[in-house]
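Chain lettering (A, B and C) follows the sequence in which the chains are written, and residue indices restart at 1 in each chain.
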Amino acid sequence: MSTVERAAPARAAAHPATRRRLRDREWVWGYAMIAPLVLGLGVFYLWPVVQSVYYSFTEWTLFGDSSWVGLSNYEKLFTDAAYGKALRNTFLYGGLSLLGIPISIAVAALLNTKGLKLVSFYRTLYFLPVVTMPTAVAMIWTWLYNGDYGLINYALSLVGIEGTSWIANPSTALYALVLVGVWTQIGYNAVIFMAGLQSIPSHLYEAASIDGAGRVRQFFKVTLPLLSPSVFFVSVLSVINGLQMFDLVYLMFRKGNPAREDTQTVVSLFFSRAFEEGAKGYAAAMAVVLMLITLLLTVVQFRMQKRWVHYA
Amino acid sequence: MRSGRLWPVHLLLAVGAAAMVMPFFWQVLTSLKTFTEATRTPPVWIPSFEWSNFAKVLAEGPFLQQFGNTVVMTVGRTLAQLLFCSLAAYAFARLRFPGRNVIFIALLSVLMVPGQLFLIPQYQIVQGLGWLNTLPGLIAPGMFSAFGTFMMRQFFMTLPAEVEEAARLDGANPLRIFWSVMLPLARPGLLALGVLTVLWSWNDLMWPLIVNTDPEQMPLSAGLSALQGEHMTEYPVLMAGSLMASAPIIVVFIVMQKQLIQGIAFTGSK
Amino acid sequence: MTGKTWALVCAGALVAGLAGCSSSGGGDSDGKVTLTYAYWDEKNQGAAMKKIIEEFTRTHPSIEVKLQFTPNKEYWTKLQTAAAGGSAPDVFWMNGPRIGLYASQGALMPISDQIAQDKVDMGKFPKSLVDLYTIDGKQYGIPKDFDTIGLWYNKALFDAAKVAYPDASWTWDDVRAAAKKLTDPGKGVYGIGAMAWPQEVYYNTIFQAGGYVVSDDKKKSGYDDPATIEGLKFWKEFLDQKLSPSIQQMTDNDPIEMFKSGKLAMWYDGSYDAPQYAKTEGLAADVAPLPAGPKGKATVIHGLANVVYAKTKHPKEAWEFLKFLGSEQANKIQAESGAVIPAYEGLQETWVKSMPNVHLQAFIDQLPDAKPYPVSKNTAGWSAAETDAITKAFSDGQDVETVAKQFAATMNAALSQEK
């Protein structure tokens, strides 16, 4: 995943065009070397976008015939209660998953403590959920959340709290999902924050400490502002990932789960409409709208970054 | 600061790490229990080492076949990405040809589009080729990556121009320079991209669910999902299956940790 | 496989925006034909399927049959996408809720002519099942098996609570009384499992209460009918009185597993799950006919059929195989495995004897009271919403009547769109 910002190639400085003799055939080599990639991305990614947009104006029968229906798929989106619910769930999920960012910053700051030993050991442990297969993650947490035999409810019972069937209870299911999402993201985000922290020049801390700032004050006055580009990057990423939520929802909330409609995301709804119910045209319209939402949110985030992101 | 005063930091980190690792601990423990033990309260802490849970996973589904599929899929996608992305990235970074920037930006626009927009046509292409329920169908779209190209291009641009200048004066063509001069220098970048791709590919779920519904042709991620469909709430078996499916990638991570962390840190830096 | 060249041509064509590439696979060069046969129950029926194919290939050496197993949850998704792409299996399992759609969309090969030509006696199969797979006067499938629902009970729990075993004379009141006595919160034992499953659970009581799911003319939902609602309330009472685990609990822990591990004393389930219960170690289970409701006895009957894909490349061989699947010989193999009640006349006895430790006869005895599984032309158009609605209705704090009536409106709208 990347951001718009990186799309603008800042190549003036790095490009050694000056002394190079322009060869007649350089362009042939250039085209030849990009050809496989351009063909692959063109066939499997770029052209499909065009096709999908076209499909969003068509209707498909169950077995694959399609016909032009104009805007009716988009009209249907406005009246589809399941889609409205999925939008709400998706935004709620995306928003709540931002709560993982402060935890990740704390972990990164702790790991970045000068003179700390065992850093890579800790990092490995925090990173384990990131590399674990989502299918496995879903199974493990489904079991932990079990209302009768789950470890979580057992732990709660020790302190006198009676738990619930966390992922079958419509009022807790989405939050249970957010917790799993955050758990899988902490290690990843912490690594990005550690890189951000390490790029903060130490003389700034020295200056702050001469001014009499304690460690907490230093954190808020020096660390956080200088970390803001990383925070920005991670929050854009979190929101985009949140909008894309699929694996865990698909695996943890199967058919017959009473909390299913309270946890379906736009992408899981897209999946069942397109590939389980065969409504590919309607699903394509959902995907197009999701793209517009993603673009809009990204633009908003970039607009807002001017207010709080400090580029050193 | 003296390390003696670091114990509060250690304490905080250890508590956090315990919370991160606890689910895995519980997974391993449950995988060794009988169903009765798993559903006992208070929980059983010393399991009866019910290895038959693992045997059941191996016996009931084509687990080994799926393991093989996952390896082929992961290796195929990774090698292809390393080759195609670095080849194009070098051209974008160092060669001059008309339309270079326009093409590059057009390719990068792929990164801005949610994956669902590709899925339906990708499915049709694979179906049109007769590749549903085959390994080529599983691998094909994942062989190309705009992200990988961008990453490798950035990497090539950090390399000094002098090294290739010598080869150029010797009359070597760009492909040769790429292959024998630049690629060896790009090893760290290739490793980072490689580990990221391996990780993504091994764990990928949605594409396999769509194109390979035949258990014999599924990778582990989708196979495990099917196992859950069959065994519903037979938790010891499910834990054994999930452990076996995710263990290989965890081992890869522990071995290649440095490259992976570098790759991720790179994506976070500007 | 037609090779890489073809793939590249196709890829090129797609770039140019041309559609319509399909590979032209087919028979092998040595004249041997390979058929694919898809099914969804490996656990109970995989062994019988393999044996049937073994028998078939012995008498038909020029035909090879490849079994393709897909778990039930993914089966229809896969079949549908494959059918859309022209690459569905040659022969596959079909059920009542889907037959209308698949037949009307032209995905299945009509077999009436072949039946007449080869003089296949359809009278050997239960009429309700033959009718189920006849759409607009054409036959599309040969019945494979049938199933009814029974009251499974845990003998040990009944003995411990000193409750007499259920028998054919039981009514709803007997179930209510027994559930109360059998429930033991201290041990985590519940009298009965009131799961929101249609076929196994609430369809049966809807019929026993005199209600209906879809009207005979397939135009109206029965969910606003007072009798139908009474059939649903029967279950809701158990949930409200905590004589059944909650829907949430049974989502966390599959009720089938709960019954097997002695957490449920009574459990309505189909004949198809008999092997699981008869063979679970440490479980002393038996089965009785479903108790009668206010309007008498009833059980849901449903049966699968084998069908041929309309676009199969080997219609002749596929028909040969289908005919064999419908033969007495193949049905006998099914009967002996105990997995399902074979559809072929006279073979039910073999099935009943396959698991002597449980009274499977209870499933056969209910045949005179059996009601066909409710379907319309596009059952899938409302069945998912039905599961969601009734799951909700059975959840804590919900009123069955309100939710059912709301769903009736949804279902009526879906039915009105069927042509």
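A few remarks follow.
One rule holds for everything that comes next: a contact is a pair of C-beta atoms (placed from the backbone, for glycine too) under 8 Å apart; a residue touches a chain by one contact, two chains touch by 3 or more.
Keep in mind that what you see is a predicted model, and the values were worked out from it rather than measured.
When every chain is reduced to the mean of its CA atoms, the largest separation from subunit B belongs to C. Sorting all chain pairs by how many C-beta pairs they have in contact places A-B at the top.
Chain centres here are Cα means. That of subunit B falls 38 Å from that of subunit C.
Averaged C-alpha coordinates put the centre of subunit A at 16 Å from the centre of subunit B. Shared interface positions of subunit B, i.e. residues touching 2 or more other chains, are given as 39, 123, 125, 209-210, 229. The set of subunit A residues touching two or more other chains comprises 43, 47, 146, 148-149, 254, 275.
Counting partners per residue, subunit C has 11, 14, 73, 77, 81, 85, 252-253 as the residues that reach two or more other chains. Residues of subunit C touching subunit B in their complex: 1-2, 6-7, 10-11, 14, 19-23, 25, 42-43, 68-74, 77-78, 81-82, 85, 87, 252-254, 256-257, 261. If you check the complex, the residues on subunit C that touch subunit A are 11, 14-15, 17, 73, 76-77, 80-81, 83-85, 101, 105-107, 188, 196-197, 246-249, 251-253, 380, 384, 387-388, 391-392, 395.
On the side of subunit B, the complex with subunit A involves touching residues 1-3, 6, 9-10, 12-13, 16-17, 20-24, 26-27, 30, 38-43, 83-85, 87-88, 90-93, 95-98, 100-101, 103-123, 125, 140-141, 143-144, 146-147, 149-150, 153, 157-158, 161, 165, 168, 173-175, 178, 199, 202-203, 205-206, 209-210, 220-222, 224-225, 228-229, 235, 238-239, 241-243, 245-246, 249-250, 252-254, 257, 260-261, 264-265, 267-270. Within the complex, the subunit B residues that touch subunit C are 35-36, 39, 60, 123-125, 127-132, 136, 209-210, 213-215, 226, 229-230, 232-234. Of all residues in subunit A, only 1-2, 4-7, 9, 11, 14-17, 19-20, 22, 26-27, 29-34, 36-38, 40-41, 43-49, 51-53, 55, 107, 110-111, 113-118, 120, 122-129, 131-136, 139-141, 143-144, 146, 148-149, 151, 154, 183, 186-188, 191-192, 194-196, 199, 229-230, 233-234, 243-244, 246-247, 250-251, 254, 267, 270-271, 274-275, 280, 283-284, 286-288, 290-291, 294-295, 298 touch subunit B in the complex they form.
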